[in-house]
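Letters A, B, C and D mark the chains in the order given here, with residues in each chain numbered from 1 onward.
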Amino acid sequence: MAEIIFIGLSLSSILLLVALGLAITYGAMGVINMAHGELVMAGAYVTVLSGIWLHLNIIAAIPLAFLVTALIGYLIERLVVRRLYGRLLDTLLATWGVAILIQQAVRLEFGLSFFGRHIAGLGVGLQNVTVPEALTGAITIGGVQVNAFRAFIIGVTVVLTFATWLLMYRSSFGVQVRAIMRNPNMAAACGINVQRVNALTFAYGSGLAGVAGVMMSGFKTVFPDMGTPMVVDGFLVVAAGGVGSLLGTILSAGLLGQINGIVASVTNDILARAMVFAVVILIIVLKPRGLFSYRGR
Amino acid sequence: MNTTRRSILKASALSAAGTLASPYFFHRTAQAADVIKVGVLFSQTGGLSIIEKSLADATLMAISEINATGGVLGKQIQPIVEDGASDPKTFNEKASKLVIQDKVPTVFACYTSASRKAVLPVFERRANLLFYPTYYEGFECSKNVVYTGAVPNQQLSNFIPWIIKTLGKKKFFIVGSNYIYPREMAKVCKVLIEQNGGQWVADEYLELGDSEWGSMVNKIKSSGCDVVLSNVVGDSVVAFYREFKNQGLSHAKLPICATVTSEIEIAAMGPEYAVGSFTSFPYFMAIDTDANKQFVERYRAFVKNPKAVTHHALESSYFQVFLWKQAVAKAGEAMPIPIRNAVMGQEFNAPNGHVKIEPANLHTWLTPRIAEWQADGQGKIIDTYPAPIMPLPYVAYGETEKNLFCTGKGLDTAKLKG
Amino acid sequence: MPAALTIDGIGVDFSGVKAVDGVSMVIEEGELRVLLGANGAGKTTLMDLISGKTKSTQGQVFLYDTEITNWEEPAIARAGLGRKFQIPSVFKELTVRRNLEVASCHNPRVFANLGFGLPRAARRRLDEVLALTGLTAQAETIAGTLSHGETQWLELGLLIVQNPRVLLLDEPTAGMTAAETHRTAEIIKDLRGSHTILVVEHDMAFVREIAERITVMHLGQVLAEGDIASIESDARVRAAYLGSRGIG
Amino acid sequence: MDAKRRLDYATYAVFIALIMCAPLVLEEFWLNRIAKFLVYGMLGVAASLCWGYAGILNLGQGLFFGLGAYMMAMSLKLASPTSLQQGSDKPVPDFMLWNAEPGAPTDLCCINRGSFLWLPFQHQWFGVMMGLLVPVVVAAGLGWVMFRKRIAGVFVSIITLALVLLVRLVLIDAQPLTNGFNGLTDLGYLTIGGFEFDPYSAATYYLVASALSLSLILARMLVETRAGLILQAIRDDQNRVRYLGFDVPVYQIFFFAVSAAIGGIAGILYVVVADFASPTFLDLTFSITMVIWAAVGGRGSLLGACIGAILINTIEARVSETEGFLQAWRAIIGLIFVLVVLFLPRGLAGLANDAGEWLTGRLGGGRRRATAPRVASSE
């Protein structure tokens, strides 16, 4: 039983890792960033490339991936999202296009493959990330044998969640973000540089995706399409949790992860996945604003 | 010459438009004088391009090798490459384009069964010919497809007895991706396991492309099995082997015996996760013959990647072009049905050894092999069948060499019921 | 005259906060009643309670003899109650004429509306309303591009076409210039008599222009009721207003 | 009827005339390919109706397409010669035989637990009818749940998205009944009154073209009715409509179901034209792609969205078959999406509309443009 709970916890942490960035870009800014999965993928490729070219291990790749994907996110905000703040559903379509572009950029090695140049670590194939010995195999915590890398992911997720909470609820930057979230015009009138804060918020959310990518790379396989299913899971988590509520996202990730884990162990994985979809639909139907919502009324 | 033919075509299309166009109308007008066009249809984009691009490369390499030695019937082969985009709808559309518009006599195409099923109607309705290089679940008896990959009996009939007798493992946990191939493989496995005195404790599936193995591996741990038979495909494989090791399981005690895990997945997961596990395939990159070593070298040079790996479906993609060439030469013309008739019984010395097209069911005689994965990402071949064995696409229903279900006359469905 | 709108001890409890607490009021047919009150007095909430947007936790609402307490909004609307919002709400991507056409469909059923166009009488009425609201020249303009005042008039126009027996108007002159306010008053006066009207308003000039009877609300309750002179001289009203922003 | 609307109707007429005349110039392959694209055009119409007119961004349109396709394919599967070779006159799909438990009866009624559901599909009219009905019923049920709860905007998108993924999962898992991931192939011809619709025949093309024309005209007529007007009002301001006395969910459900019906018919026809049904019809990518066709063509215009779908697919086909673009074509398509959303928010139809207004403005003697920003009130 303890193992099942641990697996559920691990599933939750993976969901949360991906959803955390979305909770920022979608939850706080309302941008439906379909390229979020591709940012996760980009983070994973940063890990692959930094392993091959810089001989960095997976832990050292975390800050690097954060910076790279934050930069990509910043560019997406400046070039695409910024023009769409009036029509947020359109961000879904535009960023879907961006997602295709990022995928193709990796697959075509930024176009170099046309010139017969190959960069090790890019291209259509599956990539391999070496995980440090300490993070492979199982460790025993309180008599329960658990997967070391999963435990590591849970740790990283906790740290990131706490950092995000600090940033959003305990920093002046967070105050500005939340002010914009409620009323951008009023925030601007209060002297907040809305454009700059938006760009930085988006970059931060994207950076979180990058860190998620690093974690995924040591766990799953790395390839250009890896992000698409993740973005779907991420949106389901954020929507079920309640838009704009960090706590809601955390709880909904926890709930969905445990449901998945328990149903999978009692019956099978297919049913578990179907159950997760069904629960999300049910939550939204019963509580259209999600489990938690910042709008009181 | 060509242009007049085209205008005739247009005129006939005009006249045909009002009435029903006859399906076989355009075949005779197919070829230009100096080249033979063939279709090459694999995914160049999308998720499946990971593997399918290498199949397209191997096909193109075989074509260029044939062209370098003078082509066939004195003509060069001209490949028309299309992108299936990892989507059955696109496969269907591109197959129609190749068959109907480009009027190729043969298409080398498809990796997944889903895409093959989507293009099948095009080939059957237009009496064209598909060469399909992938191992698959069987249960197909098309007169318009030549199958050069393994069918279940060629991967399992030596594998299961070997696991039980040589490895001494008796309790199987069967796990696969949730689609036809793994489910049919499981079916054949169960029959063979019981015949050989073993037992299976579970038969579980994970959504195709899903890589969340936590619960499954936990189940494996607590199931009391002593061997895992994996029919998991694609990128899921990587996550599976990693989770397996990370939950503290080891291949020394509880080996994974796989039917799909190939050199590609081993390289992607990091060989350390697979050391000591087994795979059954007719071809491994590590086959220690000069023919194979040269093949690997040529392939690496062809794709300009000194680390490129070769694998079973890739090798089939390669040798099937040579079988096709021999058939064209024998038929004396590059038309689908004559090629089909001529390819029956064709033999060729492929990198994996001797292969032959079974005249009855158009599948290929292949040699089953078992490899144990090593730290360098290569398989060490530890068991090779003495000779190629006959393809039996309906083995799950008791098809035997003496009692074929699929013959030149088509599928005998009465036998399926029995 | 019969009572068109009877409110009997209505109230709502937002988890402990009583935004409206036991308000009673009788508005007679054809009357124009103005609802006054400082911000937060509960005027808009009262309108929400009457029109079905917010479900009440106590009391009853009658439209003529029909009890409409906590009905769904469309049902209340069909019973003969129309409402204009504080923030003008019109169909921004449709032209002014099409906006009014929507309100002209008097049969609410989908299948009844699978026909084209409107009967001649309805079209004539629509033209009259365009003239009344001064939007004839803008009939083919997309509503989203109208000025603020015009948008308010269009919403009034929607209500006039809808032709409910009782009208709730929430600050119909909010954000208007003096000229526009005057114009609005003209429109409302035009409706008086044929409709029963309850108006929430802050603008005292406007109130003086249109009001017959006034109800003053304070902290979710009725503070005073009477004609304009008695209200303006009411000491409690003055105290309540001085406590916040003052009257006028 | 003003000049602009007359021009609008003329475009419909020209479009329908064009697709009806296409067989005169198209060769067999292109006839079949364009027929597929016309089916996609229907999906564009459905997307525009749902999104542009009703304001419902449905990210699960593939569900209705897929349901329609599967219903039709089940019927056609039973009409396939390989289903009839069983030595009896009772058809059984071949895959059911090899998915059956050993010793199971080989009759369609009871070869596995759900196979009796296939029984009525022996009649093709039943398959066609279910292909239309099932999507409508599912849409109405889903709409009833969603719209009565006043779920709107992105939450509708997320529910529809989750639902299509859920159904896809079930469809693949129910392999004995659906042939799982491989989908249904090896189908017979759709036969109406003894006439067989060969996918490559002009007759099939005309079937598709007529269905598209009809759904275009019907959808256009629907949005021109009073109900259509109320629907657009709901899109703009639900609350206002509610206070005018209309039951908003009823209208939303009605049009959601109509759009599902068009999706279902598209699914039926796709099976007739392409000869197979696959669970990939329910992939998320496909559903999003439909929305993008509509966005590129112009979500606010039924014809625009339809042409958008046809155009994008034609471009995709052309570019991906051009040497040198074999791998890059997807990037080009991605770029087009981004650029159109950014710079042509009303899509190609918006462009055409502006051109049309300019034209009618000229012809009509400088009539003021309806959408032009107003300078001042005319008082």
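By our rule, a residue touches a chain if its C-beta (ideal position, glycine included) is under 8 Å from a C-beta of that chain, and two chains touch if they have at least 3 such contacts.
In this text the structure is predicted, and so the values were computed from the model without any measurement.
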Intersection of the contact lists for subunit A and subunit B: D
Label of the chain whose CA centroid is most distant from the centroid of subunit A: C
Identity of the most central chain, Cα criterion: D
C-D or B-D - the one linked by more C-beta pairs in contact: B-D
Inter-centroid spacing, subunit D versus subunit B (mean Cα positions, whole Å): 34
Computed distance of Cα centres, subunit D from subunit C, in Å: 43
Subunit A and subunit D, separation of their C-alpha mean positions in angstrom: 32
Separation of subunit B from subunit C, taking each centre as the mean of its C-alpha atoms, in whole Å: 73
Touching two or more other chains - residues of subunit D: 169, 173, 285, 327, 330
Per-residue multi-chain contacts in subunit A, two or more chains: 104, 107, 270, 273
Pairs of chains, among all present, that meet the touch criterion: A-B, A-D, B-D, C-D
Residue ranges of subunit C in contact with subunit D within the complex: 51, 53, 72-74, 77-78, 82-83, 85, 89-95, 98-99, 101-103, 105, 108-111, 113-118, 134, 137-138, 140-142, 145-147, 149-150, 155, 158, 162
Contact set on subunit A toward subunit D in their complex: 32, 34, 80, 83-84, 87-90, 92-94, 96-101, 103-105, 107-108, 111, 113-114, 228, 232, 235-236, 239, 270, 273-274, 277-278, 280-281, 284-286, 288
Complex interface listing, subunit B residues touching subunit D: 9-10, 13-14, 16-21, 23, 25-26, 44-45, 81-83, 85, 87-89, 92-93, 96-97, 100-101, 113-114, 117-118, 120-122, 124-125, 139, 178-180, 183-184, 207-208, 394, 396-397, 410-411, 413-414, 416-417
Residue numbers on subunit A that touch subunit B, as the complex places them: 3-4, 7, 10-11, 14, 104, 107, 116, 118, 120, 124-131, 136-138, 145, 147-150, 219-223, 225-226, 229, 260-261, 264-265, 268-270, 272-273
Interface residues, subunit B side, partner subunit A - complex: 45-47, 49-50, 53, 178, 204-207, 209-212, 214-216, 218-219, 221, 235, 238-239, 242-243, 245-248, 264-265, 267-270, 304-305, 307
